[in-house]
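A, B, C, D, E and F are the chain letters, set down in written order, and residue numbers restart from 1 in every chain.
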Amino acid sequence: MSDENPGGDGGNDGDPEGLTHVDEGDVQMVDVGDKPDTARRAVARGTIHLRAATVDAVRADEVGKGDVLATARVGAVQAVKHTWETVPMCHHIPITNVETTFDVGDGRVDLEVAVETTGKTGCEMEALEGVTTGLNVVWDMVKAVEKDDDGEYPATRIDDVRVVEKTKRPLE
Amino acid sequence: MSDENPGGDGGNDGDPEGLTHVDEGDVQMVDVGDKPDTARRAVARGTIHLRAATVDAVRADEVGKGDVLATARVGAVQAVKHTWETVPMCHHIPITNVETTFDVGDGRVDLEVAVETTGKTGCEMEALEGVTTGLNVVWDMVKAVEKDDDGEYPATRIDDVRVVEKTKRPLE
Amino acid sequence: MSDENPGGDGGNDGDPEGLTHVDEGDVQMVDVGDKPDTARRAVARGTIHLRAATVDAVRADEVGKGDVLATARVGAVQAVKHTWETVPMCHHIPITNVETTFDVGDGRVDLEVAVETTGKTGCEMEALEGVTTGLNVVWDMVKAVEKDDDGEYPATRIDDVRVVEKTKRPLE
Amino acid sequence: MSDENPGGDGGNDGDPEGLTHVDEGDVQMVDVGDKPDTARRAVARGTIHLRAATVDAVRADEVGKGDVLATARVGAVQAVKHTWETVPMCHHIPITNVETTFDVGDGRVDLEVAVETTGKTGCEMEALEGVTTGLNVVWDMVKAVEKDDDGEYPATRIDDVRVVEKTKRPLE
Amino acid sequence: MSDENPGGDGGNDGDPEGLTHVDEGDVQMVDVGDKPDTARRAVARGTIHLRAATVDAVRADEVGKGDVLATARVGAVQAVKHTWETVPMCHHIPITNVETTFDVGDGRVDLEVAVETTGKTGCEMEALEGVTTGLNVVWDMVKAVEKDDDGEYPATRIDDVRVVEKTKRPLE
Amino acid sequence: MSDENPGGDGGNDGDPEGLTHVDEGDVQMVDVGDKPDTARRAVARGTIHLRAATVDAVRADEVGKGDVLATARVGAVQAVKHTWETVPMCHHIPITNVETTFDVGDGRVDLEVAVETTGKTGCEMEALEGVTTGLNVVWDMVKAVEKDDDGEYPATRIDDVRVVEKTKRPLE
């Protein structure tokens, strides 16, 4: 059976059982079978805005729920490795390296995640999943200090999540 | 310690601690360490029988729970990628491509799932998991229209799940 | 923000930023928040057709890859417990019991999976996932004996997967 | 053995084996054992900035990789259900409802995810995971049209991810 | 269809299709449907033996791969929450609290994991999975300092993993 | 952005936004990008101590919950394949073979798990996860016979978990 349907969308393909191809709801992975293995690197970066007092507590490792940055790094690395199942049409590629870098400033924490692979397709989705999950883990760890009296988060916001580097070189 | 037990099932292997090999309950993966990476493709196909009105609703994308075929395609692709954990003795192989094809006829929807890999073993289990899970997702999405007044499914049935193609060629 | 869009599909909802609701690609879980916890049971059943020699080997526990039925039972139970992630719009319900029953006949093995829950929604998808995965595990375990010389499966087929019982009673 | 260490960080607790409590690297879940089950709802929202042409393609469902919004909705729902494992210190709570709303504007797509639970703790992390993963899935689906000639994403950015609603009411 | 087979193991149950119950390879979950929800606590404990220099490095947080104890605590908590899928016949129970306690002594690190649930069955398997996985994570983090010149681990050993406390009280 | 911070721990890197690198809570994967694929094997071994009557029941396959050793073998193989997610800083490597060997003696069951890979890093963590999880599964399966009247496990203990073999050879 071919994937093409010369009779057009919903056309009858002459199947003796009267079956008709249906192209609606199409979703598909990209075929990477003919792509060579390549050394690839992608870096993504994002920011979480927090109250000044929360940033101080993170920096001093004085958050009651524990070590915010260590937990966020573990969460980011795990998110990188799980991207093939979190993002439905992603391939499962071999991750050879993950680096997490935190920068702390006035009322903000930045997370940069660098991912390297030797697979057949790029790893920017892995880097993005690392950043967004890592920042969500920061949020989760500081909930108690970040909430206002109504349990809301007026100051908390994840922003400026983007891919800042993509490189590719042949495997030696 | 060797996996062989010359003394037979349950024989004493002379261990000074009086330990005895037990072969009961044996379950094992196939050793694929010496197999070359190969380009492989497997295609499986199956049918779900539904009420005529349900098939019409699927075709017209008028099912209340949402887009049946898009959801089933995502479910099928995810099932293909998860076969290494769903089927206990399967290896984890790199999936390079998945194609899902729906054909709709009188009182039935057919799903064909084609899987391609560059791994050391075939991918027919992946194709079969894609078909059975994809058809189960169809079932889940149309439950409200397919149930009778007692909440039973007199017309619903998954049938004729089989492998329709298996090919293998050396990697270039 | 409301889920309704009085202006119709794609109508402008007057958002100052010029945003427009888009209902395309709708997929949603059923809201079960107001349903009571209930004792529910669902039973599904299906058949795998195999060569006569394969059925004999299964019955005598002489399949090289190991204990076919024990492995399939474990695979079925795990599939039941994982249905909330395998079938995308399923809820995660507490599974209180799973029973797997194998019946062996001429050229066939039948698997029946009974699932019980105390949750807010039925468990027929869990029972169906148990049956289809359990039968796929049988297939995987007997691949070596079931394949013909070309590596094809002319005799192997999963058939007649259906829900055979659904009951519900109030929790005491 | 108590979690407290009156002798201070690294103090000797008099264990006959000379063992010393070590509080470094502390990370812990919040104990929710005494909290009542409650009906809770949290809504999060975020934006992905895309090229105008990409937004048009999403709106017209003309993206080659398939139905962007349906796939993103499925990805968001799955991310909500998986938050207990993605965010390391989250509890596993029963999700009773997930609603995904897309709004499309000039050069942007907004995603709002509402989550409801009847558990012992709030579901804002679930809503945030739904938004960030859903927006990452949009990014993944439109990669081919969004990349520039160097494979970079100069226009693509996820922004303004925040919790916009949190409510709680006793279960009836 | 009943789970009982009056005709004994392999006896014919008179099915018109000639099907025979097969009890071989039996594996089953315990039915907990009639058990009440209860507040339960289980504590497990175990030891990893390491070189003295490694223990010093762990204590001083000077291991190159990073914060050993924070990573092990996260690994232990995640293992507790995943026990329902790691241990095949376990039920999925609601975990309300996990506490991890490290004690460091001469050439050894002890890990104690306390788990609390409000479910229908005990949580000692969860506590045991927390301890064994947490200790395996310690091993993984200190591999570089613990290996000898041949890459072997002459001093490393996990020992004395046991359940040290189990309690149960009615829910209020 | 570089991972190095010449200004030392917490030093200012001159970022115009006043951001400062924070090295606290560091946790990282080992970069294996430049390592060649290699054929590797690791074998781990461990013991569970049980009551004599329990060991007899395991040997005779008379445990009510079902086939202890088959279930434990499946659990061990699955744990090997899942090590990349259970042990947070592990890489995901292709597992080509897993062998499980049980030896039964007076009041004890020993489990040896051999793992083979063709990946860029060793597989001892996989073998250890196989052993500890396999022994935990044994514990779970025999709980009913192993518990005393108070529901405690006075005799049950996992001991002597160690790596007994590690080898590496170039791929042909």
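The working rule: a contact is a pair of C-beta atoms (placed from the backbone, for glycine too) under 8 Å apart; a residue touches a chain by one contact, two chains touch by 3 or more.
Here the structure is a predicted model, which is why all the values come from computation and not from measurement.
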Common touching chains of subunit D and subunit B: A, C
Interface copy of D-E among A-D, A-B or B-D, judged by whether over half of the contact pairs recur: A-B
Length of the line joining the C-alpha centres of subunit B and subunit F, rounded to whole Å: 27
Overlap residues in subunit F, where contacts from two or more other chains coincide: 25-28, 66-67, 70-71, 73-74, 78, 82, 88-89
Overall pattern in which the protein chains touch one another (line/ring/star/complete/other): other
Interchain contacts (touch definition) - all pairs: A-B, A-D, A-E, A-F, B-C, B-D, B-F, C-D, C-E, C-F, D-E, E-F
Residue ranges of subunit A in contact with subunit F within the complex: 39, 43, 45, 59, 61, 67-74, 77-78, 81-82, 94-106, 108, 110, 112, 116, 118
List of subunit E residues in touch with subunit A within their complex: 66-67, 70-71, 73-74
Complex contact set, residues of subunit D against subunit E: 1, 3, 10, 13, 15, 17-22, 24-33, 84-85, 88-89, 91-92, 119-120
Residue numbers on subunit C that touch subunit B, as the complex places them: 25-28, 30, 46, 65-67, 70-71, 74-75, 78-79, 82, 86-90, 122, 124-125, 128-129, 132-133, 135-137, 139-141, 143, 151-153, 156-163, 166, 168
